[in-house]
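Quick heads-up: structures coming right below.
Both of the next two complexes hold chain A, though its partner changes from chain B to chain C.
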Partner chain A sequence: MTKPTSASGAAKRAPGAGAPPRRGRRVDPIARGIWPFALPAVVVTAVLVLAPIAYTIWLSVSDRQADGTNAGFLGFANYTEMFADSEFWNALKVTVFLFAVCLIVETLLGLALGYVMSLDVPGRRIFQGMMLIPAITASVAVGLVWLLIMDPSLGAANQILAKVGVDPVVWLGDPDIAPWSIALVDIWQWTPFMALIIAAGIRSLPEEPFEAAAIDGASGWRTAWNVGLPLLRPVLTVAMLLRTVDLVRFFDTIYIMTQGGPVNATNTLNVYGYNTGFVDNEPSYAATLQIALLVLVVLIAGVFTWFRQRAAR
Partner chain B sequence: MTKRLGGIYAAYVVFGVIFFGPVLFMLWSSLRNNVDITGSLFNLASPLTLENFTGLFERFDFARYIGNSFVVAGGSTLLGLVLGAPAAYVIVRRKLAALGFLTLLARMAPGVLFVLPLFVLSIRVGGPDSLAVNYTLLIVAHLIITLPLCIWLLVPFFEEIPASIEESTLIDGANGWQRFTRIALPLALPGLSVALTLSFVFSWNYFLFALALANEQTLPLTVIAFNFIGQGSNDFGGLMAASTLISAPALLLTIFAQRWLVRGITGGAVK
Partner chain C sequence: MRYKVLSAGLALALAGGLAACGGGSDSGGDANEISLVMSNHPWQKAIEPLLSEFEQASGVKVKVQTFAEQQARDKISLNLQSRSSSMDVFMTLPSREGLQFAKAGYYAPLDDYMTKSTEYDAADFPAAVKTGMTVQEKTVAAPINVEGVVLYYRTDLFQQYGIQPPKTLDELPTVAAAIKEKSGGKVTPIALRGQSAALPFTFGPFLHSQGLEWTKEDGTPAFDDPAAADVINRYATLAKDFGPPGVVNNTFTQSSALFAAGNAAMELESSNEIGSINDPKTSKVVGKIGVLDFPAGSAGSKSTVLNWGIAISSYSKNKDAAWKFVEWATGKATQLKLTSNGIAPPRTSVAQDKTYTDTLNTETLKQWNEALANVQENGSTEVGPVGVSAPEMRKVVGDAVGKVILGQADAPAAAKEIQDGLTPLLAKNG
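For the complex of A and B:
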């Protein structure tokens, strides 16, 4: 069955084989006339993704009222308002804070967990499965569980602290502590995700450099730092990029646990944008904030990609 | 060697307590009564009960919320597959990596950015009042999640199909559509089931669109659970039972389809 198949495949390719290979243009016979199949998906994606972005841009330069009427083109008034808005700068600060804290801790802890996950021992798959659960559990469930754990009077966290003689912590009610608590939840939810990527990266590393280092008598830590980490850099960059994109538009667990409070201490750009649109009923300004956020995400992703390509060269 | 093994398993236990502990806490709390949950974390012998679960169904129209979650996640997943499978096939056969850019944009754009226009659209087409319109809107909105995911997951499965198998049918005069439906699609069947399960779970988990678009009748599980928080509910057992029900598809998926899950959540960072 396989033999005639490959033979005819070879026969089909034969005419082009002798001639010098031409670049591009020529479409594989089996790829001819199939492009319309992709049309529905392309149209739907374009409508679903590009249309909302276009509409949001229009909203941000026009003056849509809470009652649904639009007072028309406004120019960049919303944007100048944004730059003069102290809450926007606070939201940017909160976003950057959560981004930095979470990314650093998740990367370091992810390296440790990823190393453990990469080791071939009996039970590895079961362990990996358990570690996967935080990342694929619905944010609503994650938020509910952590609300209960961090409950000021009855929560599990304070019960544990009481056991070791530490005073109860107001995890989510104190503006100075709440951002750290939110960071803790994100670190819990996404460190295993980092570790998973890192573990796969470690498992695909070539063995020779490590053997060479062992022959040279380098210690385990030195080998990890001087040989392992540089080899792991491409994988690490991808993992950090994925986390970065998600952290810059951090929304779910914050909205579930604090809605941006207390006193805006956890009010990220995305949460601020949502509240402006749906609680304060200012659609045009909310749109402006969303466009700012989109620009930020695309910029950061662009910088990361640029670094990655430069590193690959 | 055994000493090293002991060290690794010690690390398993530490990481297990940190990252799996809260999940166990949720499952366990869903089976305890409220006095025990809030009173004594360390009382392992406290009685277990199913009352938290039965209570949900008695006090709320919980079967309906579960049904809504199924309709939205199921509908958006099927649509995602129907649209995504042919697209993934074309991407592979025509080597259209550039098409992935649109998908990338969908992955990077903040969800709130879609909610605002969708909300305006919803009001214009009578979404808040009509059941059918509301379900349709929710399913279409969730396509933003499922369609890119389906395409992304299916591409490697089509890539694995050797071109020679399809070339052999050129002689029979099979056209592109026939090659796709009779040869490529059946061979990519494992991929279809992977995309089906994963995008179902991701769509099931997503709560932002329904938060803004759903009406009283179309609320899915995630949003009703979120509303409990807003009402300041102190029924912790009930909340944990609801969380457990919400997490059920994800937990089942980890048990039965771990390998594919890794690919689904890492989004191409690892092979």
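For the complex of A and C:
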């Protein structure tokens, strides 16, 4: 058995005796001419992602005028202005508030709804399809419809409340209520999306740990908390990360419904940056605000990734 | 080796193709096509059905893009900031963005076109209208309408409650209080603006009618005058105590929706709104509308007068075709046709044309026309503080007054906030 093997091995090796082993070359795509196929992706990423970021950074440290000319390098003047700008801190507060409230409520409701949707009940698929409708509707349309619903005098929301004897609510015109109203719309729109991801996650969980927990006599709650949730964590983190990125750059619904008002109560960083750039015509300061937003997204995403890696270990 | 070169070539071709897609979309179209960007506005609704007439007569094709007011501003700004030639003509409010746009070189001056045209007759526009379209001694836009703040009221409700419509600013809160009381709180006494960027248009008349201005002679803000705090207090009290719920988010859309639905006894709005509140298709109160001059203050009734214009982008590659459109759209014949859709004509000859005056045949329209005449005669053209940062300054005013409406600040504090907020923005005017 050994002899023919070694003989054929020697025969194969003979022509390239001095060359490096083939295995090493096979995984090297450059040597096989594969790299050019990665080039479009690299170019597209560079042109559409890295170049705009680099340009935004340049804008934030220079003085671009409304007519398209640039008065040159400014240093960190825009950043100094930003840290002294009370509206920046308010926008940061509003952004973090909406992010926290929406993420927590959407995750909790998503878990509950996702559990229901993971059960094998008749009509589950139809229900799942219907649940997706808010998420696939354009946010602009969602904002416009909710704007009508939340009109304090003519809207459906207050008319329904009046029928059950509740005083009319000034949904968007009261700075204390408006952020919650915006959060309500986002929760309505995106909870089903969370639930769908979570339901898919629950259905893919292995059954053995649950059977083991049942044999050990664990209660339903205990099984869910100590077995289900830890197993579901990877799926949950991904779903939360997706929502996080969207929530930190919250823009469309707010822009349609309140444009950051009343008196800046719903002025998120993204809305503020947009208004600074396109209404006030201050592109450089707007770029500075967008860089702050980018840092915020990266920080929060970093925290999530860190949690995920820690959990994986 | 051969397929290595081949794959590299293929990949480069792909990348090159993508880059070409990204860079080549900014063509200006052919010389006989213009792109027109409009804001959702009665004028836009009235002109669109007439565009085919222009296309047939001139041979120039018009590509239309229409957006809600704020979105239209964004779209126009974006086109101009990126020096795009894909927009030739756009609607503009010189009183708002005139200086900002002119300084940035966004407007193609129209003076030469106007003087060269034999039929145009630019002298037909009243002096105040022409001044409104002129920035730094250049005509930046051609006027398409005239509008100003008037007070609409429900004749049936006032009769039912036995109340006389308010003639002065002092009477206004008294009348509002009487409506509130006699309707048992069921009818909103007055619908008015509260949204910060939109508020200065209706707030200005309070200021001017009390003999105040936005700024002093030396170009600094005039809100350190104690009388300014009194004006803020008048506006905010009216909005807070007698306005609709959620008034701080309201602009003409919400105010007119309330009034047209029969939920408000008075509406302080632009004369333009007659189109929507007096239209049987959208309004329940047709035939029950009275129109008054803005209530007089200590300095008389001084409303705000406003002209929208259409301008040619300085980045347009088809300026001659664009002018043909502007010439047609703001010419006598077209403006006369537009009056049948409630567009108040900026041209003197059209305003006096019998074909037009004969259409003002209801009591509501007669009163409306009188109020509009007063607006044009006595109104201030300064919708907000004038300057390169006009949009931002309007927000400063609107935010501060909004805080008083919400009870977050008192009027003197708001006046100080406006004074402090406007000072650096006005300083940019140089």
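Simple rule for what comes next: the second predicted complex is superposed on the first by the 277 of 313 C-alpha atoms of A that agree within 3 Å, B and C clash if a C-alpha of one lies under 4 Å from a C-alpha of the other, contacts with A are read in each partner's own complex, and residues count from 1 in each chain.
Going forward, a residue touches a chain if its C-beta (ideal position, glycine included) is under 8 Å from a C-beta of that chain, and two chains touch if they have at least 3 such contacts.
All of these numbers come straight from a predicted model, not from anything done at the bench.
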| item | value |
| --- | --- |
| Superposed partners chain B and chain C on chain A - clash or fit | clash |
| Which of chain B and chain C A:G68 touches, first, second, both or neither | both |
| Contacts of A:P40 with chain B and chain C, given as first, second, both or neither | both |
| Touched partner set for A:L119, first chain B, second chain C, both or neither | first |
| First, second, both or neither for A:I254, with chain B first and chain C second | neither |
| Which superposed partner A:M82 touches (first chain B, second chain C, both, neither) | neither |
| Touching partner for A:V238 - first (chain B), second (chain C), both, neither | first |
| Which of chain B and chain C A:A156 touches, first, second, both or neither | first |
| Partner chain(s) touched by A:A51 [first = chain B, second = chain C, both, neither] | first |
| Partner chain in contact with A:M131 - chain B first, chain C second, else both or neither | first |
| Partner contacting more residues of chain A (chain B vs chain C) | B |
| Those residues of chain A which chain B touches in one complex and chain C touches in the other | 33-34, 37-38, 40, 44, 48, 68, 151, 154, 278, 283 |
| Complex contacts: residues of chain C adjacent to chain A | 3-4, 7-12, 14-15, 18-19, 22, 70, 73-74, 77-78, 81-83, 100, 103-106, 188, 194-197, 244-250, 254, 257-258, 261, 263, 389, 391-392, 395, 399, 402-403, 406, 408 |
| Touching residues (chain side chain A, partner chain B) in the complex | 4-6, 8-9, 12, 27-35, 37-38, 40-42, 44-46, 48-53, 55-56, 59, 68, 113, 116, 119, 121, 123, 125, 127-141, 143-149, 151, 154, 156, 159-160, 163, 188, 191-193, 196-197, 200-201, 204, 235, 238-239, 242, 245, 249, 251-252, 256, 270, 273-274, 277-278, 283, 286-287, 290-291, 293-294, 297-298, 301 |
| List of chain B residues in touch with chain A within their complex | 5, 8-9, 11-12, 15-16, 18-20, 22-23, 25-26, 29, 37-42, 83-84, 86-87, 89-91, 93-94, 96, 99, 102-103, 105-120, 123, 140, 143-144, 147-148, 151, 163-168, 170-171, 175-177, 179-180, 201, 204-208, 212, 222-223, 225-226, 228-229, 236, 239-240, 242-244, 246-247, 250-251, 253-255, 258, 261-262, 265-267, 269-271 |
| Sites on chain A touched by chain C in the complex | 33-34, 36-40, 43-44, 47-48, 65-68, 151-154, 168, 170-175, 258-259, 261-264, 278-281, 283 |
